[in-house]
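Each of the next two complexes has chain A plus one more chain, namely chain B in the first and chain C in the second.
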Partner chain A sequence: MKSTIATKSRGGRARLLGLAAAATLAATIAPGATAQGSLKVGIVGFYTGAAAGPFGIPARNAAELVIEAMNAGKVPAPYQSAGAGGLQIDAVYIDESGGTAKVVTDYRNAVQRQGVEAFVGYISSGSCLAIAPVAEELATFTILFDCGTPRIFEDASYTYVFRTAATATMDGVGAARYVAAKFPDIKNYQGINQNYAWGQDSWRDFELAMKALLPNAKSEDSLFPKLFAGQYGAEISSLSVKRPNVLHSSLWGGDLESFVLQSSARALNRQTTMILTTGETTMFRLGSKLPDGIILGARGPYGVYARDSELNTWFRNAYQDRFATPPTYPSYQMAQALLGLKIAYDKAATAAGGSKPTSAQAADGLAGAEYEAFGTTVKMALGNGRQAITETAYGLSKFDKETGTATITDIIRFPAECVNPPDGAKSVEWIQGGMQGAKCD
Partner chain B sequence: MLTAFAILVDGLVFASWLFIVALGLTLIFGVMKILNVAHGSFYAFGAYVAANAIGVYYEAGLPPLGGFALMAGAALVVGVVLGTALERGLLRFMYGRDEVLTALVTFAVFLMMEDVIILVWGADPFFAYQPYGLLGVTEAGPLVLSNYDLSLIGLAFTLCAVTWWVLNRTRQGRLLIAVIHDRELAAAFGINVTRMFTLTFVIGAMLGALGGAVTAPMISVTPGIGVEVIVLAFAIVVIGGMGSIWGAVIGAVVVGVSRAAAVHLLPQVELFVIYAVMALVLAFRPEGLFSRAQARKI
Partner chain C sequence: MGYGLGLVAAAAVLVGAGWVLPEWALFLAIVSLAKGLVVLGLVVLWRTGLVSFGQGLYYGLGAYTVGLLPQITGITDAVLLVATGTAIAGLVAFALGFLLSRYREIFFAMLCLAFAMILYGILVKTEALGSTDGFHVVAVTYLGYAPAIESANQVLYVFTAIVVVVLAGLVGRYLQSVTGQMTTAIRDNELRVEYLGFSVRRAVHTKFVIAGALAGAGGAIVATAIGHVDPEMVWWITSGEFVFVTILSGSGSVIAPFIGSTVFELLRSFALEYAPNFWQIIVGGSLLAVIMFLPGGLWSLVAKWRASGR
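Entry: the complex of A and B
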């Protein structure tokens, strides 16, 4: 695994820049004191296997880019101080492939043998559920950057575990709200989702939200092809026979792309309005092969949905220049998790008074924080200040023939408090209860 | 009526695809008694080489139908290169050893090949969609069927017929049948069993690669595509009877139609139905539907 090793301290510069930033920005993100040395951080994701292309590699690319810039103090304000709390980030890239037992073993080995002091990672919800208690046991500061299951902080309470992306509940509720806003007269809807936790949970959240928002629309029997099925001939025929007005799907990666290729060749997109909750990851790869008029999600306001800002412009351009493709949502989620790490250690460095911060101090630094990331504002509002909520957005695919690029139209943004449950509420119960307390104005 | 028609068509299309993929696997087992897990690698390499070749071909603006010849070419190249390398370079040292050991060796090769794919082609997907749309569609009421999908039925039928003809109507085929029945006796009669092994393995590898090559235009070619395929192919071969060509035909049709029926009528059991069929067959015929009882040599 490639690692970036840098040990030169830039604490003085960080202090000066931090003070400058503090004059105009929130004091929470300006380090008052900085430590010296390096911070060994495990960056975990699927770097091999089917999830590498759509998720793992874009996330790793973003990690390399942002860590390099962070260490050099080149991330735009308010993050221009070098390193994290003055510490140079020494990244150790760890592959998430191989199942939860291997993931846990790798985590323990990284902490106990390699001396990894903090983690940013994990794409699979299964990995996150397995890692969270281990991180707690080993008292190691860990930021989950992508996995979607709301169970992490709804079923347990943690001190050292954080997640800087919103849960998958937001995806389902946001998708249903988009359908309710744009297609309020639909008669029925159906789903095609992979037959494992992610697909089942995604459909459950969407269906429950649809029942709350459009109670007169009928939910048809959903299809659950197995993970990595690749062949969707029978499913496409079944959908053509039933002709749901709206088709929900959380397929991802090769499965999603195969389904789009096969279904568009058979004109399914002309018979039903598709909503692909992870579709943004694939829009540039499919290009003109992605039909117009498909509702695309990005698991938050990332990629094409990211808000304009100096931070976003820098990230987008730097990523495009280096990797010759625009950053998609896993890149944004990794980048915003690394900002969370920086905020935690910048604040912890002050608390440590120049010593190297402990995991507990880092955890205190990020708990309940609210910060501007590359795509949106991240509020650590749930799970005792350890689970983020963000706004989300959906829009319609449109291929621009003149420029030869995939674009999005008809974007609707939903505030964080509109698509995420309030603190203390369980996601499913909140949706079933009609999403009481949602603030959508 | 429409649903019944859709089940039949979908079932046959899926069965044809399964048969194309499983044929090479059952052929290799029938002749060589090798449970070749690396068959999934042949499939994946066939898909990758075809996707690359098709991409280059269509970017060059060459005649569209030539893309189909490229798929066959990709299968040929992958089969000859990988099949020969694996059989001559590794498997020939395993002949006469425990079949389980040989299966484990092919499993190790399969795992290494998965990493080789990432080393060569990276983790990003490849698309070779052009041939998929080239043949157009057939409309049957609300059903829009891809002619490319339907053409798989023809390809599977052709492969089945050619395999039958070669085995039963050519000298090489009869020699092969002799090896299948009793390799020691065949060797005693002067048949070059080693050569037959190499030939069979290369043909099996070509069939696996052909499965990948014809699938490439329908899917996003990504790392890991060989994993799922090998599991399904094994299910077909086990249902039909290890080493039986007709068994593979019937196994593929049973699984294809069962799965299509499940998707249309009871989608909750779609994942379960393939393995339920396999379990049912094995419960009553542990040797598979078409496998002959073997005399035990003492």
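Entry: the complex of A and C
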């Protein structure tokens, strides 16, 4: 990614002359073109309801921060050029709450009534599955930033739809690999997951991966309390009796916090090693109330697992300064998707030769790309270059009493090709087949 | 005679609007009209003094029929799909009606809700149907005609308009018939209706089947339009939304549900656009305002305007 300043002005002759010197200078380094004007981007997430606190609001905060910096050209290199393909991003925030029918209706309204030209959004897998064909029908460039189901690009193929975060398959496989590496002698494991698609899929992937990696450990009957149950007394009693060596959970938000508080009050964490695949979202909220030695996941190398880089330092500091809390994984995933948008339009602007890029040109720009984001390297490797794979990391919780902050120890990183299926393979079949072709060195 | 002409005129106006409306409004109109069918069913029940908090059951059955039938049988014809969805929802309502027609008031409402939540629970546990994520609905054809992707919504709109006019016309006819007229009588005094020689249970059962079938038709059309079905269509909040729109509409006419449904969808759509963080308050506040100032629903405005005209 090189900066591009060359400009084709529609009317501003003086501005054109003013930029001419700089443009010729820049053009010798990086031939390219940028369009002028603005790009209306729909930013969709749960801004109300139970998923707003842990996911929607952190994502929205990141979007505000990154879009503002991007428009001003203040994101560190290599993203220092202003806007996306020279276009100023005009964000339209759209709430994802209210069910699939509403989500689809709002998407159509945004495109056809409000003139939204591209989207970055969607937290629920149900929303993503419903939106993808609509985006295709309306030929609108759409980046899914957080939802987990691998079905989107495994059951269909798209031109305009992208996902810049890895699928939930990575979370289950990574969790199982961490257990296999750190606790290879466990006798049994169990799960407690919410009874809906996310919980069922998370447990299925983890269990299948465990069967492949530790075939001698026994899988106990998994618990599926209902979504937003909030009370886990009966489940904790049952777990205290069974005492599985490892307990897998993909609970999130209020459910996760309730479960952690209720189970640690009954010392369940001393009888079993818990693995919380979305635990990173609540580690700072829980602080000292989160017991030490719990395996925490962040759905990728985000938040505390993000790699050190100039980009990461800038993002963390800017986020902390503005919102008085460190960014968690939904913030990273949103920021990562916005970089994807920028790359797509930067490349598309060159292809469009100064006129406003189309969605098709933007899609060509991002397909198969590999780029540095705030947490890690993103490779658009699956689904015809439209589904990302990234490395992932797991570690153990540790509350630092001296500084009074939640930290992580014993981090293990797994390369992208180690925890994601190869292109063309279906996730479930790949795990069942013993994860053939995984490169873990 | 006049009634039939009125229907043809209504169909002509609705279908004609399809050429004038912008694309976003066209889609909103399809969804509003389809959900209006569900509300029409609730209006039929409401006139009898019954409120169902479980119409999501029939709405979801219609929708899942449209989702599953093409996968099982390969049928993609919209007419057949919507007819089957309506029939299945109607049949389930018929079966459950034997039990439900014995109950009134809160017991009726809660039992309806319970049956809907049973289906919800089954769907959530069925991973083969995508659990809460749901699954895609294939593109439909119309009597052998497969519209291009760009004009699919136009064609679906015309189809929806015709279905709505036919079904609303039939319901209008039914409400004018003797058994239909019995609705309000049952609400006022069941005992007297029995003494007049009519079976209240049978009348309630019939209305319940009508409401179920209409909800099935609505769900089938919405599934076609959205292109996706998931268990949220069966959830109690969806059922509650239909009751919400029923109160907003008022029970004065078979046209009222469609006006109420359209107003509701527009309200929600614009509230979301201008207040993404508190659109629910605007929608809820509007309902409170309607209950306080227009106890007869939006239709009372039309009724008032008509009365002043005469």
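Throughout what follows, the second predicted complex is superposed on the first by the 410 of 441 C-alpha atoms of A that agree within 3 Å, B and C clash if a C-alpha of one lies under 4 Å from a C-alpha of the other, contacts with A are read in each partner's own complex, and residues count from 1 in each chain.
Please note the rule applied: a residue touches a chain if its C-beta (ideal position, glycine included) is under 8 Å from a C-beta of that chain, and two chains touch if they have at least 3 such contacts.
Predicted model only: the values in this text are computed from it and were never measured.
Peer 1: Just from the overlay, do chain B and chain C fit on chain A, or is there a clash?
Peer 2: The answer is fit.
Peer 1: Does chain B (first) or chain C (second) touch A:Gln436, or do both, or does neither?
Peer 2: A:Gln436 sits against neither chain B nor chain C.
Peer 1: Tell me the contact category for A:Thr409 with respect to chain B and chain C: first, second, both or neither.
Peer 2: neither
Peer 1: Determine how wide the angle is at the CA centre of chain A between the CA centres of chain C and chain B, giving a multiple of 10 degrees.
Peer 2: The three centres form an angle at chain A of 50 degrees.
Peer 1: For A:Gln320 in the superposed arrangement: first (chain B), second (chain C), both or neither?
Peer 2: The answer is neither, since A:Gln320 touches no partner chain.
Peer 1: Of the two partner chains, chain B (first) and chain C (second), which one does A:Ser222 touch, if any: first, second, both, or neither?
Peer 2: A:Ser222 contacts chain B only, not chain C.
Peer 1: Regarding the shared-chain residue A:Ser355, is it in contact with chain B (first), chain C (second), both, or neither?
Peer 2: Touch status of A:Ser355: no partner.
Peer 1: Counting only touches as set out at the top, which of chain B and chain C does A:Ser288 meet: first, second, both, neither?
Peer 2: neither
Peer 1: Once chain A of both complexes is superposed, is A:Ser258 in touch with chain B (first), chain C (second), both, or neither?
Peer 2: Touch partner of A:Ser258: chain B, not chain C.
Peer 1: Taking the superposition on A as described, I'd like to know which of chain B and chain C A:Tyr47 touches: first, second, both or neither.
Peer 2: In the superposition, A:Tyr47 touches chain B and chain C alike.
Peer 1: Would you check which partner chain A:Asn109 touches, where first means chain B only, second means chain C only, and both and neither mean what they say?
Peer 2: After superposition on chain A, A:Asn109 lies in contact with chain C alone.
Peer 1: Note down the smallest distance between any C-alpha of chain B and any C-alpha of chain C in the overlay, whole angstrom.
Peer 2: Result, nearest C-alpha distance in the overlay: 5 Å.
Peer 1: Would you tell me the residues on chain A in contact with chain B in one complex that are also in contact with chain C in the other?
Peer 2: Touching chain B and chain C on chain A: residues 47-48, 195.
Peer 1: Taking the touch rule as given, give the residues of chain A at its contact with chain B in the complex, in rising order.
Peer 2: 47-50, 52-53, 56-57, 195, 221-226, 228-231, 233-235, 237-238, 240-241, 243, 253-254, 256-258, 261-262, 265-268, 271, 285-286, 289
Peer 1: In the complex formed with chain A, which residues of chain C make contact?
Peer 2: By the definition above, chain C touches chain A via 22-24, 27-28, 31, 124-125, 127, 130-136, 149, 152, 222, 226-228, 230, 232-233, 235, 237-238, 265, 268-269, 272-273, 276-280.
Peer 1: Which part of chain B faces chain A closely enough to touch in the complex?
Peer 2: Per the touch definition, chain B meets chain A at residues 2-3, 6-7, 9-11, 13-14, 17, 114-115, 118, 123-125, 127, 129, 132-133, 137, 142-146, 148-149, 215, 218-225, 227-228, 259-260, 263-264, 267-268, 270-271.
Peer 1: Taking the complex as given, what residues does chain A use to touch chain C?
Peer 2: 47-48, 93-95, 97-102, 104-106, 108-109, 111-114, 125-126, 129-130, 133-134, 137, 149, 151, 155-156, 195-198, 200-201, 204
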